[in-house]
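Shared between the two complexes below is chain A, which pairs with chain B and chain C, respectively.
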Partner chain A sequence: MTDVLAGKPDRRRSGPSWSYTVVNTALRFSPLLLLALGWEFLGLSGLVSQQMLPGLGDIFSAFSAMLFGGDLLYNTARSISRAATGLGAAVVVGVAAGLLMASFRTVRLLINPIVQIFYPMPKSALIPVVMIWLGLGDSSKILLIFLGCLLPVVVGTYNGARGVNPFLLWSAASLGASRFEVLREVVLRAAMPDILNGCRTALAFSFILMVSSEFVIATDGVGFMISSLGDGGQYPAMFAAIFFVAGIGFAADRLYAMLSRRVLRWREA
Partner chain B sequence: MSMLHTAVATRGRAHTASGISVSDVSHTYGARTAGGMLALDGINLEIGDGEFHCLLGPSGCGKSTLLYLIGGFIPVQAGVISTSAGPVTAPGPDRSIVFQNFALFPWKTVKDNVLYGLRKAGFAAAEREQRAQRYIDMVHLTGFENAYPSQLSGGMQQRAAIARTLAVDPGILLMDEPFGALDAQTRRVMQEELRTIWRDSRKTVVFVTHDVQEAVFLADRISIMSARPGRIQHVIDVDLPKDRGEEILENRAFIGLSEHIWRLVREQAVAATRGAH
Partner chain C sequence: MMNMAEARPLADARKSPVQKVPAPRPARSISPQVVDVGVQVAVVVVLAGIWEFGARFGALNPFLLPPLSVVLGRIWEDVLAGTVPVDLGLTLYRALTGFAIGAVIGIPVGILMARSAVVRWFFDPLVSIGFPMPKIAFLPIFILWFDIYDTSKIIMVAFSCFFPIVAATYAGCSSLDKWPIWSARSFGARERDLLWEVYLPMAMPQILTGLQVALPVGMITTVVTEMLMGGRGVGGAMIMAGRFADSVGVFAGIVQIILLGFVVVKSVEFIRRRILIWHPESRR
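Entry: the complex of A and B
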């Protein structure tokens, strides 16, 4: 929708028509509209108490109050800085580890069992552990997010790097690339689709762990806000915070998908 | 020796053509396990400076293995392979290769693919651009500089791969069934072009194929290999004019030689099929 309004002339000319885009967007969001209607109906009909499902109007006014007068933005910024730090560290460490695993048998033998054991483990189970280790400050949540995001990145990078067409490596070597250059310029680039997929999973994990860790160990952040509003019985505000964080997660994922497509545009040709 | 080589390469100079000497080379796949497969057995071969040499044989005869050994992509287990730069131990830009499946970097445009090797060779920016354009023009891809490989036909991709390899001016050009994936028409055109490029640049070419006519059309000399284990059964001189075009296909000598070689290759192929039972 914003795309159309922002106006991208070259795209509109070659792409589908205005009306088509509008109808298409409307259709895509119609399930959400139905959900909203159902929500309102359940609340108004008295089948479910207004406490459990506050009206969307109430939620919206709680939202604007928090947005303009309250501390929603402050808490969101705190949460996002934790998620971004943990995720960023996980991407850097995870890509490096995945590349090393793919390139060296010894590293693979050392790391692979650890990955396989920890991969299926729910990382939220580590919340008490990181709290004992690092206390209630930011570092415990960042560590948790880092650990949770690490494995999808490692596994994505490793699989991508292992799957690189060996003839590409040989071509680069016979054009004069050193081993390190082959790794950086060929393996890393060829593995990029899998790396980006792993990072996308990690991005989702970072939101989940951000909120769930703030439920338990925090004095600020969106997760903390949601749980304290719930404890205080301020349900419209609680729902507003939930919807807001969901919206941010959605926007982050869309933005990520858009950037990925740009990076990988050589594939679409 | 290697220091001298590096110094030359960083100044962006061409690699001089060189002969190739293969002596007593054997190769076993899965050598560390009990069921290792002897792919090459006691190969001896001298390829002259500036010679166009074809390795011809049925599939599974180890001709690609021999090419990869010359390229330094797989380590030599037994015997010695050397060029004027010394024994082959690793891949290098003095022996650049074109593969059957093109192996272009799919995330780079045609031009960036060609520039890749030129950057490694240390050419200055202006000369890099100039050379890249010259080789792109040479393989008739002018206008497709900014296309990604996925936007090109197989023939065009292979021409881009050839441009990328030729641009670094390797003394030795290795080709692993480079036209195998192309349709018959494109294939013929590419063969003629390659022959012209070779005649003008005087490189040493080692060309792997299982197509008899292709080998006779292109080569100065042909090594006919046997299958499992790969051995060189015959080395045949191709006594045909240096300038070869479409008309040579009608030449009596060409036809006679092709038939002779076809019979020799057939013997190997039949033996290989029997051996498999």
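Entry: the complex of A and C
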């Protein structure tokens, strides 16, 4: 819409035709079909027991049973809400901290040692700590995801904000922008590619920490669901839930990549 | 021959005596770098002090945050009892073995993806789907297939390290500059020489970046597998302490894992600088 209004030619029209795209996508993802066939063959031929490698039909019927009659959607919603809360807080705090670190030497000197110490720590080690602090409920997992996602955002923002072309800062200042205005209107925007990159890492971490914390301490959520299905020996349902979670993680990353490409449209021009 | 002779004076000109003169230094002034380091060390010391005395004098709940000295005392006891070296060693062994397997499989696959259309056709969809997936969700499958001992932990770690390594190697090898490859070919290099002398060195910065992304992922995964399946290791020790509400034990584990992570990440950075000593990025 905006393209048409701006008088630019719509690029989508000159692209490959619809049917070509479908065939191309099918060819591209045909190795997955091969893998699925191999999976079925191994299961049916009896080389591997059905217990270890349930048939894809069984997995699919277990999936639809969970989706329509079971608690898959409820648990997914619980997990996603935790991950989104923790990640959202981490993005807000992390971007603010990164911008302040890049603009004020004092803040940098205060925060940098903390970042240096905690950055290399495997964040999953915090699971028992948040368990001691906040128990087994939602808040412990939200805190874990917040802490785990914070540092990639801080580091991405800081690096982006440090790399801003000084000419932009000087021009803004010479046009009478206050320090805060420069931060909001120039630094934040110029650092956006790096910020979005840091947030993408954080998004991946949020999924890892969400699932693993629910494996270890939880009473609901997809991670809990997967591990209790596994403990109960309902392997087709377990495989279905695992593929579902993996699919959500994949979809979230793709959606994020699309959104950030949209936010960064100005870069390509 | 002519070119080399011409290049010599240029090389010497760079070391002109003008640059060798040391910059005049004002006496008795502290350089800003020293101040920076001092302030940052002071921040760490102050935080440790707040932790220690806040917990000791009741400003912080000593169950939620046991005093640093108590935590360090526990680590020292465990070192003497021999559990700390065993736990750290097991965690490191699982993380590094899984990481190494992921690298040994991932780097060749990444190179082949860049070199061969068939390999690229097969692996491209798998990697582009597998890379953003939360791999840890597959842990119950590996438990089902390989039981709960070291095998399944190491395979899980290798599985999570594989994707970042393949993606980085593939990206590094598929965006190579044509000129060095053409010059090597025109000097009569065979494909095998090209691999070792041109492709790998040129892609090395990106491959190393992939390894630097994968190693922390491998450590996160190791700790989670240990928490879930037990079998010693720092993660196992921490979750046991957590289940018994032994907060000193939990924080002892955290301090150990911070040190382990710090040492591992810094040594990888050191190795990167050694390997890329010829590369412009090391001259900064």
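What we mean here is this: the second predicted complex is superposed on the first by the 257 of 269 C-alpha atoms of A that agree within 3 Å, B and C clash if a C-alpha of one lies under 4 Å from a C-alpha of the other, contacts with A are read in each partner's own complex, and residues count from 1 in each chain.
Going forward, a contact is a pair of C-beta atoms (placed from the backbone, for glycine too) under 8 Å apart; a residue touches a chain by one contact, two chains touch by 3 or more.
Owing to the predicted nature of the structure, the values given are computational and were not obtained by experimental measurement.
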Quiz item: Given the touch rule stated above, what does A:Val186 touch, chain B (first), chain C (second), both, or neither?
Solution: first
Quiz item: Is A:Leu168 in contact with chain B, with chain C, with both, or with neither (first, second, both, neither)?
Solution: first
Exercise. Pick one for A:Ala204: touches chain B only (first), chain C only (second), both, or neither.
Key: second
Exercise. Using the touch definition from the top, say if A:Lys123 reaches chain B (first), chain C (second), both or neither.
Key: second
Practice problem: Between chain B and chain C, point out the one touching more chain A residues. | Solution: C
Practice problem: Check the residue A:Leu47 against both partner chains and state whether it touches chain B (first), chain C (second), both, or neither. | Solution: neither
Practice problem: Once the two structures are superposed, pull the chain A residues common to the chain B and chain C interfaces. | Solution: none
Quiz item: What does chain B use to touch chain A in their complex?
Solution: 9, 68, 71-73, 90-93, 95-97, 99, 101, 103-108, 116-117, 120-121, 147-148, 150-151, 164-165, 168, 170, 174
Practice problem: Sort out for me which residues of chain A touch chain C in the complex. | Solution: 28-32, 34-35, 51-52, 109-110, 112-114, 116-129, 131-133, 204, 207-208, 210-212, 215-216, 222-223, 226-227, 229-230, 235, 238-239, 242, 245-247, 249-250, 252-254
Self-check item: Partner chain A, residues of chain C touching it in the complex
Solution: 36, 39-41, 43-44, 47, 63-64, 121-126, 129, 132-141, 143-145, 216-217, 219-224, 227-228, 234-235, 238-239, 241-242, 245, 247, 250-251, 253-254, 257-258, 261-262, 264-266
Quiz prompt | For the chain A and chain B complex, residues of the former touching the latter | solution = 165, 167-168, 170-177, 181, 185-186, 189-190, 192, 266-267, 269
